[in-house]
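Two complexes are shown next, each including chain A; its partner changes from chain B in the first to chain C in the second.
Moving on, here comes the complex of A and B:
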């Protein structure tokens, strides 16, 4: 049993981290609420006054808001679809006995370690350039007209890049989970004459449900905040999301109040999502 | 009985897996090729990549044009210092929560009572803010008082929770979208921030954290602190309690217990956490793009400069990219398992 002295020391040891994180989570929030009700523009700070709800009103009625809200959700769903479907397939594939498994694994997970600005620019130029890009060459080789990715399907293009970055994450987690699937269970199922499809449906998939949930929830947190990929490929006007809209309110419009109001809307959105995550991770913690 | 795969079957899976692995890796591979070509050749790549000459000139040009090593230095400083600072906060915290857990709240108030208390403080804060006309430019003390009035009840609530709830709350701070924190942090970092323009009689006209290590290192530390604490916590949790008890039976004091028994067993977990944190901060690209532009700008910012280039730039972009990703990619290969553990907050091991 922990001693009283140890307990006191334990509380003391936790204090700095709690204080730091409390400051980190509370001070920006308090200030964001404050600025959100303020008419405050960086290029005219002397004309600052209480603005009521007007910042929220202007942010929501901004022509970009509806589009960017849609883009935010669409991008999350698109990337989730790519990474979950691809991740399950890749994990099952990598779980097979083969030669050079370690090397294949390294190749598959590498994209996850590429910084977002690099993957965005490499994809936009070397891969997706409408004339010189690799895809353009492939398309022409098949006698097709190359696609002008970022001009004609900007959201899908960003989705492909982000999906490429996050597919390794899903694969890695699902593979880790697969490898903990009991070997005996596999053998038993085989002896019972279960086919590949049956085995997948009744054993593999149920076993993967929990890790899939974890992947969905964690990716969602990060995907709601995709920013660098949109900024450096310069598609903020075509396929911007809420994060980008807040950035442009600050950066292009110099409007602190409206940007803060937009930020608060993003906070509410993220909290709706994360309420689920905390609950599920919490349940796993108890188990 | 183990499953026996026929040789043909194994060969087939090997072939498929290698093909898919190569497709996933291809953009990186292609960047690696373009980095060693001349600009003209980089633009005609697929047809000529085996025949066109190889060159190292891009690396020299990138360094000469933009002092590339400076960015490497900045990235390293931010990643390493923020990691060490984070560990200084996280190791005691994880130790306390893993070995001295509190199983019940230290203040016994119902959820309803807490909600009422918090609401009351929010209402008071809002009432004061509204009554003073909402303008705090010239009154930083009032601003600070209001932040404390708003924040302290929340902090008190967190502080009195049992350990499990504290952990979940830490996790929840990671979910704060950067878009929400961008404006306040930008204004705190920037001398124009309303609250910080003046401090009593002291003029804070020179206050500036934008594009400085003093700003970026603590920021990066706070961004990753929840992950670091969680990961360390799950590692510490695995250290069997019996060993500690045995040490205590043998008369080990708290200090001996920490230094002789716990520390050696905690080293692998700490090393893994360190590795993951370096990778995360190396690749961070929201705050670095928004808050740096020269002095403390890391590689992620440097690469973003290529989004509006002049003339042909693919070979140089590739060379710069390759140097920016290579070290961290290799680190990543060696930390696959830790990555799973850290990024799923211990839910998948």
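Moving on, here comes the complex of A and C:
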């Protein structure tokens, strides 16, 4: 493709893809920007006018904004902690030769294929239900009062559900990384007198640092937008995040303008976070 | 002290016997080389000595003490691996210090020992680099450094030079030889490179399909191979083996004669042969010839022999250098 003709041909060839991508991402974004500056409420669509920055102002000063911003970050961190700690552990277990390895691996991966709404429903009604849930039974079996998960610890509950869904992803990436660990290094460490804990601390964990950063990067981008689990478990008022706040502006308050403004703020936030993460990861991958 | 004894050591992987009862006596300070074709069990035998594999049967003794059930780090041995097996996330310094850290050695002693090892191996300038930033030869030195600092009773090397280019291999071979001279420690060295085996070893152990084919000094193996396997394995180009009339005449099932122990004449000799190919290396000429009624033979002539494909020559083995073997392939005295 070094020749000018080749370049022109190349551009022509990618043009449809570029056009599709542009339509896919730019049109909705442009619309969102347009609405964000309108006073546009579905309750009273006739009274629509250019509103300047006021939608942004109202969104940011919303009593829920600060709390939901905090929840957004807390949820991301919580799920990252669950998936990385659990993922490392599971990956190490799955890396060992064992009976029925193939089946077990498929089972471990399967939560990833379950739709978020479905898994949230399952968790809400079968696992965490304060009366009929599995945990309630366990608690009662030990003579304890069952936890009312979504009422008393809503954020943690959502975190557990989302963590369960993302655990396979982290496990899969970390397991692949573990399998690339040089076997002679294990032998060498054994000769050098490193026990299981030393081996994990000095060799396995440093080896996993790169895949862990990759997991953090990818998961964060998706976890900033958790919605289904919050909606299905009806904890939006207590543990809603920014995505949920945008939704409630639109759905409960019927305020298209403020929802669009909130959406834009969320987009900017997500981009800031990912730009930041990409830089960290990039540095980590170079080293 | 660093004597190592193997008594009937066996290793089975499932139903496959990989090491079939090896007896071996290694004296303190000896440089012992394990050679043999790929898959004959050299690495497995070394790993059995190291404790990285559990023996299925038999005993491993170090300094007379049975260590068969002792873990690898408590046997007092150090091992250098083919892939170097350095820890990629640690600096060279930390790599070398790692076994000492694991042994909870005080910090000042660690520093002193690392500095000493680095000086011995010319690694002083690289201590703060990562293994990924070193050349193959430097990495190999780090791996050796990691072995030295533990002050082991014996060193185990598993094909440590096979990832290096030819020139570096020669240099490292010399360095390891010098190291042996300096430390005077027992070393067991696995290789499939004959030259390494012949030049470095006090004692060579030739392995064939998990059993010892012969143990002896390099020249013993060269001059008096116990069996056809060793005869063919040691020496390059490989020994010519003839059966039939030529062997019967000497009272053997087959005879072996090394390419360098065959006289060549253009007029008369025991075997009439036709040159198929002459390889001129400058220092030597390897002549591949078809011998009438006996098949193919390789002959080595020093210098530039004026022989070319199609020439008719006569070959005569140097009689004292003819090795005789019985029908089972064992040496006839």
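The criterion applied here is as follows: the second predicted complex is superposed on the first by the 265 of 287 C-alpha atoms of A that agree within 3 Å, B and C clash if a C-alpha of one lies under 4 Å from a C-alpha of the other, contacts with A are read in each partner's own complex, and residues count from 1 in each chain.
Here is the rule we go by: contacts are C-beta pairs under 8 Å (C-beta built on N, C-alpha and C of every residue); 3 or more make two chains touch, one makes a residue touch a chain.
In this text, all values refer to a predicted model and were calculated from it rather than measured experimentally.
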item: Superposed partners chain B and chain C on chain A - clash or fit; value: fit
item: Which partner reaches more residues of chain A (counting touched residues only), chain B or chain C; value: B
item: Apex chain A: angle to the C-alpha centres of chain B and chain C, given in degrees as a multiple of 10; value: 90
item: Partner chain(s) touched by A:185 [first = chain B, second = chain C, both, neither]; value: second
item: First (chain B), second (chain C), both or neither touched by A:80; value: neither
item: Contacts of A:206 with chain B and chain C, given as first, second, both or neither; value: second
item: Chain B versus chain C as contact partner of A:100, first or second or both or neither; value: first
item: Partner chain(s) touched by A:91 [first = chain B, second = chain C, both, neither]; value: neither
item: Which superposed partner A:233 touches (first chain B, second chain C, both, neither); value: first
item: Chain B and chain C, minimum CA distance [Å, superposed model]; value: 5
item: Doubly contacted chain A residues - partners chain C and chain B; value: 187, 190
item: Residues of chain A defined as touching chain C within the complex; value: 182, 184-185, 187-195, 198, 202-203, 206-207, 209
item: Sites on chain B touched by chain A in the complex; value: 1-3, 5, 10, 13-14, 16-18, 20-22, 24-25, 27-28, 30-31, 34, 43-47, 89-90, 92-93, 95-97, 99-102, 129-130, 133-137, 143, 146-147, 150-151, 154-155, 158-159, 164, 166-188, 192, 194-195, 222, 225-226, 229, 254, 279, 282-283, 285-286, 289-290, 299-301, 303-304, 306-308, 314, 317-318, 321, 324-325, 328-329, 331-333, 336-337, 339-340, 343-349
item: Complex interface listing, chain A residues touching chain B; value: 2, 5-7, 9-14, 16-32, 34-35, 37-38, 40, 42, 45, 48-50, 90, 93-94, 96-101, 103-119, 121-123, 125-127, 132, 134, 137, 164, 167-169, 172-173, 176-177, 183, 186-187, 190, 210-211, 214, 218, 221, 224-225, 227-228, 231-234, 242-243, 246-247, 250-251, 256, 259-260, 262-264, 266-267, 269-271, 273-274, 277-278, 281-282, 284-286
item: Chain A partner contacts - residues on chain C that touch it in the complex; value: 47, 50, 52, 71-73, 77-79, 81-90, 98-99, 102-103, 146, 150
